[in-house]
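Take a look at these structures.
One chain, chain A, links the two complexes that follow: it is found with chain B in the first and with chain C in the second.
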Partner chain A sequence: MPIITISRGSHSMGKAVAEKVAAKLRYYVLSRDLMLKASDKFHVSQQTLLQALHDAPGLKDRYKNTKQIYIAYVRATLLEMVAEDNVVYHGLAGHLLLKGLDHVLKIRIIANLESRVMQKMREEGISQHDARAVILKDDDQRKKWTRKIYNVDPTDNTLYDMVICIDKLSVDDAVEFICGAANTKSFHSTDASLRKTQDLSLACNVKAALVAEFPEVGITCEYGNLLLYATEKTAHNGKFKKLLTSLQQDTPGIFNLEVRSGVPAPLDAV
Partner chain B sequence: MSVLLFASENQELEDKIAQETATHLGYKTLNHTFLDEIAQQYELDPSKLREAMVSPPSILRRMPSKLWDYYLSCVETAVLDRLLADDLVCWGLGAHLYVLVVSHVLKVRLVGGDGSVSMTDTKKERRREKWSVAAWQRREADPRLYDLVINLDQIKPDEAVTTVAATVGYPRFKPMTYSISNLTDRAMAAKVKNVLLKTLTDIHVHAQNGTVVVTTSCLKREKTKKIAAIKEIAGKVEGMGYLEVHWNVDPVNEAALSNR
Partner chain C sequence: MGQLTPDMIMVLVMIGLAIFLFIVEWVRVDVVAILMMVALPLLHLVTPKEAFVGLSSNAVVSIIAVIIIGAGLDKTGMINKLVKPVLAVAGNSTSRIIVAISFTVAIISSFMQNIGAAALFLPAIQRISKMQKIPLSRLLMPVGFSAILGGTITLVGCSPLILLNDLLLPFNLEPFGLFDVTPIGLALLVSGITCFVLLGRFILPQGECQGTEDNEAFCTIDGLEANEAEVNSHYELTTSEDFMDYRDPVRVEDLRRRYLVNVLALTEPPDFKTLSPSPETEIRAGVDLVVCGRQKDVERMALAEEMELKETIDCYSSEFDTSTSGTVEAVVSPRSPFAGLTLAEIRIQDRFRVTPLEIHRQEKTYRADIDSIALQTGDVIRFYGTWKRLKSLHREAGLLFSMPTDLEDMRPEKALWAGGWLVLSLVMIMGFDIQLSVALMTGALGMVITRVINIDEAYQAVDWRTIFLLAGLIPLGIATQKTGTAEWIAGSILSVIGDVSPIVLLTVIGILSTLFTLVISNVGATVLLVPLVVNMAIAANVDPRMAALVVGLATSNSFMLPTHQVNALYMGPGRYRTVDFIKAGSLISVVFLVVMIAMISLIYGI
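After this line comes the complex of A and B, so read on.
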């Protein structure tokens, strides 16, 4: 069965839709648990990971690659968690973190600004002016984050399989659409798509292990055979070689590991 | 019954899905073939009308903005008039850009379905966006304009047809007094704008509950003449209730004149 990602702006009823879809299809709902698991696994605070996925990269991130490091941690954890299938993920950037997988149904829920402002006011008891300012700032951060990290516009329709506006349509209608699409053959997992998920998960785990010291290394994986695209300098670095040896010994599922230097990484490399 | 509007960059797929949905629902269709009828009704050059529906105004193509505005206004008027009939699937006439906040109209955008995006597609998209912004000040690709956007890269056309057909059957897409009145107001505003654009420029028309408000700008000294002309022309439009004309000073021409 597919993995469903639900992307939404704040207070666009995306959470309610995700929970109803999961209940109807008997799927597992994934959102903040991801941060909890990533935080445990990589010993980084949840807040730091959440900020890395939410706030647009600042000047500091440009030089220290901190965003790239934390995103690699979150992505590796997410792929591990969705490997079992039957998951509805409604956290941040799901459609981008799971890019490249065929059985991912990517949904975006949108609502008009006025109804979002009203929702925020009701939930938090703040003024209309403040609610509007918070929502607009949040949207702006999301836009900048997606543009700077993935070089795409989050409002681009082609990033999703379905964009549902729940002004005229209701939460239940959206649930109906999503469940209908999830049950179509196009989104069912196959042996090949599950294999691809495992390969991507492996590549992301290796990336997470290397990213802090060698952020420029690109990784692809096919049937457990890892290809690492590194510069000449990195490929001959003693620490890099040592890290690879320990990874090959400690990470289950790696069949073969090969380093290619001086060759540009393919577009699908993580 | 309801009205269904389709929009897509991929005309072939749009034609196929819209036609299949109409057959499935037993609705009538309204598409780009209607342009010939519009050209005949308003005595326009059909090739120029087709050009106006895809390209922004350009002096090089002998399509100045005044003429271009009038051509688009003819399309808008004729389409809105037809949409009042209900039970209709409409595409290829830009209706998704000017039929707004009418609750019994379901707007669907179809994306993808043609493999990878090429440079020509991106160029075409940019041209299309330029056109939609120039014509109705709206980005055609903006998802907020639609109730549903379906990506056909993985969702099959027949699944899209089933989804759309089921959606349009929801009770909230059934026409109500308020939504019909909304559409009637839009049709009336378009009709008034169309007759005014024949001879005048810088005209904005808004209608609510039968009251038509025309906003225009010109030099102070031409104010009385222009308002009288608007009242005379618009007053003849069939179904006109109460007409109001709002005038704003044209600051650029006024400043130029005072410096002379």
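After this line comes the complex of A and C, so read on.
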């Protein structure tokens, strides 16, 4: 069965939709647990990881690659958590973090601005002006983040399989549509798509292990055979070689690991 | 010292541009030379006639003739025939084998291009390594260095020396004879080989030899593929009767991608045995197949795809007999049309019906997705195929193979003719004082007329890159001399280093030439430095011919980096790293400089 990602703006009812879809399909709901697990695994605070996935990269991030590092940690954790499929993920950037997998149903939930402002006012007891400002700022950060990290516009509908506006359509209508789509054959997992998930997970884990010191290394994986695309300098770096040896010995599922230097990494490399 | 004129500034800019382009390699070195050939007359720094005089120069014609003579000797298979007697003399001692092969390569290299001699001997050395179980890494570097050193034994041994007399012409200096450099070249060769014999264990990587299941011993550097489980072997398997049920079609390519296992033979319905099946071939139920791969990968595949792994090669025993098919290691030669292309772009399996197994580059072995690797000079590709198909690949691909000799397209019956024309050329040069280019072209023509090599093969053999590199840089030398730039640079350098003894000056020139040749081509270094050092020597009252000779010889002192074509060629097969060249090459380079200066002062009494 598929993995469902629900991308949403703040106060667009996306969380409610995700929880109802999961309940109806008996899927596992994944959101904040991801940050908790990533935080435990990579010893980085949840707040730092959340910021990495929410705020657009600043100058310091670009210089120190901090964003890239934290995103690699979150992606590696997410891939591990969705490996079993039957998951509804309604956290940040799910459709982008799981890019490359075949059995992912990518949903975007939107709502008109006025109803979002009202919702915010109700929830937090703030003025209409303040609520509008907070929501617009939040939307702006999301746009900048996806543009800078993935070079795409989050409002581009072609990134999703279905975009639902909660306005005339209710949350329950949206749940019906999503469950219907999840049951179509196109989104069912197959041996090949599950294999692909395992490979992507392996590639992301290796990326997470290398990213702090060698952020430019691109990684692809097919059937447990890893190809690492590095610069000549990195490929000959003693520490890099040592890291690879220990990864190969300690990471189950790696059957072969080769380094390609002097050639650009393919587009699907993580 | 004269004043710096606008023309001199222009020449300095052009020299700077040429050196810059040689180093960054944004365009190929021969294109840089052609750029100079065109730009200099446009800037009125040389006349149009002077710009193209290089194409008809004695040096360029001599090099064309030397290349054709070398190709003729190669066609007769004389080189392979030398291996047996050389080994008989050398016996089983590694040191004696190194000495014997190195001397043989050096002598051949003294009459043909270094890279040609090195390339010709590579398959023979691979065979010797297998036969004598000596790691290839311990043989190749001494032999490669000897091929370079052999270029200093005669005046036709390497491009810089061939070029030397042409560069001396504007100064009205007496040209060098064919064997004038021989004592120095021999001393350099002996000292180089002695270093390897005495210190080889310290400066060469210590490899080890292994045997595969098909008794093909091969050697590797320490630690690399030392584990037996890492060695590729052949296995026969049978697919289950329900292999095609409940699964997507499995193709030959799928097995390679998933398990890094290459299918060498496959039974196709109804009962056709196909060797080296195409990647798209579908694997059917209940058929036999032979694969090549690491044991752990083959076992993983057998388990995952529910195949039965047989204990021995059973159904395909006759097809896998060594007289029918086999595995070869092919080295991408500097002139291979495949250099720069990927195996997918070459469509190697469709065109030649052979199976590429893996690619070795320096110390790395690539097994995964090898179709997408852009081939480089010196890369070693392991192929499996029938000898017939491998022979066709050998003929067309410009790859250097270690093939059984009886399969190579040789003309051994022409060996006497080839040897005769070479001797005639030498007699013409030495006995009748006929100009080098005329004598050598006579030998080349003789080889064509007596069908040692046909005229098309002769044209194909000529390395036009070298020809244009040489011809294109000659006008730069003319401009440097004509505008007084060489004199000005020489004066500036002398004013910095002050009044020095001839030996010190020649040593400085030797070091300068060595450094230049490491970063730009040896021909480029010679063309730029000879006018300069001749002027320096005249100003410092040192024999200018000796200064030019130091440049001609020291531009062969290119051992420290794998930038020399011979080093680049041997790097892959020997599984050398750059650090291996730095280690051994530094010592040989220092010894080279010391021996060269000592021999010049001994013979010419400077």
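Basically, the second predicted complex is superposed on the first by the 270 of 270 C-alpha atoms of A that agree within 3 Å, B and C clash if a C-alpha of one lies under 4 Å from a C-alpha of the other, contacts with A are read in each partner's own complex, and residues count from 1 in each chain.
Quick note on the criterion: contacts are C-beta pairs under 8 Å (C-beta built on N, C-alpha and C of every residue); 3 or more make two chains touch, one makes a residue touch a chain.
Since the structure is predicted, the reported quantities are computational estimates derived from the model, not experimental observations.
Q: Which partner reaches more residues of chain A, chain B or chain C?
A: Of chain B and chain C, the partner in contact with more residues of chain A is B.
Q: Thinking of the overlay built on chain A, is A:249 touched by chain B (first), by chain C (second), by both, or by neither?
A: neither
Q: Have a look at where A:127 lands relative to chain B and chain C in the superposition and call it first, second, both or neither.
A: neither
Q: Contacts for A:157 in the overlay, against chain B (first) and chain C (second): which applies, first, second, both or neither?
A: It touches chain B, and chain C stays clear.
Q: Just to be sure I read the superposition right, which of the two partners does A:168 touch: chain B = first, chain C = second, or both, or neither?
A: Touch partner of A:168: chain B, not chain C.
Q: Identify the partner contact of A:110: answer first if only chain B is touched, second if only chain C is, both if each is, neither if none is.
A: Once the two structures are laid over each other on A, A:110 reaches chain B alone.
Q: Can A:263 be said to touch chain B (first), chain C (second), both, or neither?
A: A:263 sits against chain C, while chain B stays out of touch.
Q: Does chain B (first) or chain C (second) touch A:180, or do both, or does neither?
A: A:180 contacts chain B only, not chain C.
Q: Could you tell me which stretches of chain A are touched by chain B in one complex and by chain C in the other?
A: none
Q: Chain B touches which residues of chain A in the complex?
A: 102, 108, 110, 112, 155-158, 160-165, 167-170, 173, 176-177, 180-181, 184, 186-187
Q: Quick one: which bits of chain A touch chain C in the complex? Just the residue numbers, please.
A: These residues of chain A touch chain C: 192, 222-223, 225, 227, 255-256, 258-260, 263.
Q: Going by the contact rule at the top, pick out the chain B residues touching chain A in the complex.
A: Against chain A, the touching part of chain B is residues 103, 106, 109, 111-112, 117, 141-144, 146-151, 153-156, 159, 162-163, 166-167, 170, 172-173.
Q: Where on chain C does chain A make contact in their complex?
A: 248, 257-260, 296-297, 300, 364, 366-369, 373-374
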